[in-house]
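Each of the next two complexes has subunit A plus one more chain, namely subunit B in the first and subunit C in the second.
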Partner chain A sequence: MTRKPYVRPMRGWWRRDPYFTRYMAREATAVLVLAYAAILLVTIERLAQGRDAFEAWMELLRGRAFLALHLAIVATFVLHTVTWFAIMPKTMPPVEVAGRRLGPAAITGAGLVASLAASVTLFLTLRHLAS
Partner chain B sequence: MKRSVQPVFWILFGAGGMLSALVGWMLAWITGIAVPMGLGFPQLGYDSVLAFERHWAGAGLTFVVIALFLWHAAHRIFHTLHDLGVHANAGAWVACYGTAAFGTFAAAALLLSL
Partner chain C sequence: MSDTRPIEIEVLRYQPGARAEPYVQSWAVQFADDTSVLEALQRIKDLHDGSLTFRWSCRMAICGSCGMMINGVPRLACRTFLREFLPGPVRVEPLAHFPIERDLVVDANDFMTKLATIRPFIVPREERPLSEGEYRQTPAELERFEQFSHCINCMLCYAACPQYGLDTKFLGPGLTALLHRYNNDSRDGAREERMQLVHSDEGVWGCTAVGYCSVVCPKQVDPANAVNQNKTMSAVDWFARFLPGRRP
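Up next, the complex of A and B:
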């Protein structure tokens, strides 16, 4: 008769160390990224269904539940942006500028500036189109 | 050597991660808060949204955002399941990447039908 093998319990492992907690927070952003993509998908589905379906959906989006969800989504995207560019020095191949290797702070900083620039451009473009 | 499809998923994950890191927060603010509430943005109605999504550029932007965000999220969730004690299995694989594939086809079909 063989004894049951010992399996190290995994429950709550990521709460044991702040480094693990930050890792899980970064990975968990994917859940709200998925939710946001689903909301956009439903929006074009309602659009395809016609005026009444679309207006009813917009009314729902104006409700407290969806506004709270969208605030959570925006906050999650900010966390995603910060963590994405924070780990970029480790995920991208080394870059040399003028014979010197670009440091991690420069890579992260450039990413955050790029996000700000791209987002402001998007905002101005969409607002121009909307008005 | 057998070719793996893994790099394809990884590239989609990376592309979706980069796009959402660049514009995700602003896009969610615009479509989720600014437009519904009319905050610094006109409250867009059916006609203007339909016109936007019927234009190739608007439809293209919407498709790329939905598809890449889905593939990014699917890949990340699939790999994080392992850390939660759900070890890589066919069911989880189909659930994650299947959702992304379904959403991608649904987005394309819906946008083309407008």
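Up next, the complex of A and C:
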């Protein structure tokens, strides 16, 4: 009998299953994370250049285009955070609390609460420093 | 066979020698509420086309033979019921990411070859005479690997892993879970040897944490967890080289 194993192409694999599409959406968040890192780097550079350069950069950031970009970045960060903590239980060794193994929902929940607390703390601290 | 209704079953078929490419053939199959996809395939083979080829054995989700793509999802045909897919049709294809041997049968040689490389058995830490009795293990020691010992080698996780589909050199989720099972067994002494495989280019670093392998696993083995725990251990082993008294 003829043996001729048929290899199916992988082209467009990430559209084959909604799970893969969501995974690729999570991976794609890296692009806007990179964009925000670039904005932060430029901000530091402007700060080093002096007050005028920094103020001009801040003025530019207040423009509509940058505002829209920042909103997109926030949405991306939320997506990244939620999906990252959703998969976190799969990346960790078993965690025991009081002799019982912590379930995945508890790990995901703790991660989300911690990131929310960190974000709120950072926001309040920065607002306090700016005032 | 009272209380049956017809449902359309579409099967991706491939016959080497007869046709160069796979093609879809469909049949209307009578089914009841308790008819599985496997039973539907058996009915097609018995009543409509005896040449339809597929693997199966136990019919109760323990042998791991009847893994297939059912409406695009890797599942065991024996524990997937047609009632889920009303009004149909149901699309059945061979497991993704493996070469198709014939119809729903895939070429599992790659998996079987890799299975031997992980040494899927306990290599005793030290040889002991029978007179010294059994190797003892506490419930806590059992707990460290028990979940990973439930794997039935059904390969659904490989069909759920795009990284394996893109590069079949990757050891993959199921075998890493099995490797992890033996490495975490207090009676085993071959961890160092298996870790060389974990560290290698074909090892755990090919995983990008898609996580679908654990979703489709019919035995809740959570292979993604085994792979990612081994990423941590691989990193720890790498940095441990810099500690005094350790071989590079």
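The rule is simple: the second predicted complex is superposed on the first by the 120 of 131 C-alpha atoms of A that agree within 3 Å, B and C clash if a C-alpha of one lies under 4 Å from a C-alpha of the other, contacts with A are read in each partner's own complex, and residues count from 1 in each chain.
As a convention for this text, a contact is a pair of C-beta atoms (placed from the backbone, for glycine too) under 8 Å apart; a residue touches a chain by one contact, two chains touch by 3 or more.
Owing to the predicted nature of the structure, the values given are computational and were not obtained by experimental measurement.
By the touch criterion defined above, A:H80 lies against subunit B but remains apart from subunit C after alignment on the C-alpha atoms of chain A. In the superposition on chain A, contact of A:K90 is made with subunit C only, not with subunit B.
By the document's definition of touching, of the two partners only subunit B reaches A:E45; subunit C does not. For subunit A, the partner with contacts to more residues, out of subunit B and subunit C, is B.
Applying the stated contact rule after C-alpha superposition, one finds that A:R3 touches subunit C and leaves subunit B untouched. Of the two partner chains placed around the shared chain by superposition, subunit B and subunit C are both touched by A:W14.
In the overlay built on the shared chain, the residue A:A118 is in contact with subunit B alone; subunit C does not reach it.
Across the superposed pair, subunit B and subunit C both touch subunit A at residues 10, 14, 27. Remark: subunit A residues 10-11, 14, 24, 27-31, 33-34, 36-41, 43-45, 47-48, 51, 54-55, 58, 61-62, 66-67, 69-71, 73-74, 77-78, 80-81, 84-85, 111, 114-115, 118-120, 122-123, 126-127, 129-131 touch subunit B in the complex. Residues 16-18, 20-33, 35-37, 40-42, 44-46, 48-50, 52-53, 62, 65-66, 69-70, 72-74, 76-77, 79-80, 83-85, 99, 103, 106-107, 110-111, 113-114 of subunit B touch subunit A in their complex.
The residues of subunit A lying in touch with subunit C in their complex are 1-8, 10, 13-14, 16-17, 19-20, 23, 27, 87, 89-94. Within the complex, the subunit C residues that touch subunit A are 14, 16-17, 21-22, 72-73, 96, 99-101, 107, 143-144, 162, 165-166, 208-212, 214-215, 222, 224-225, 228-229, 231-232.
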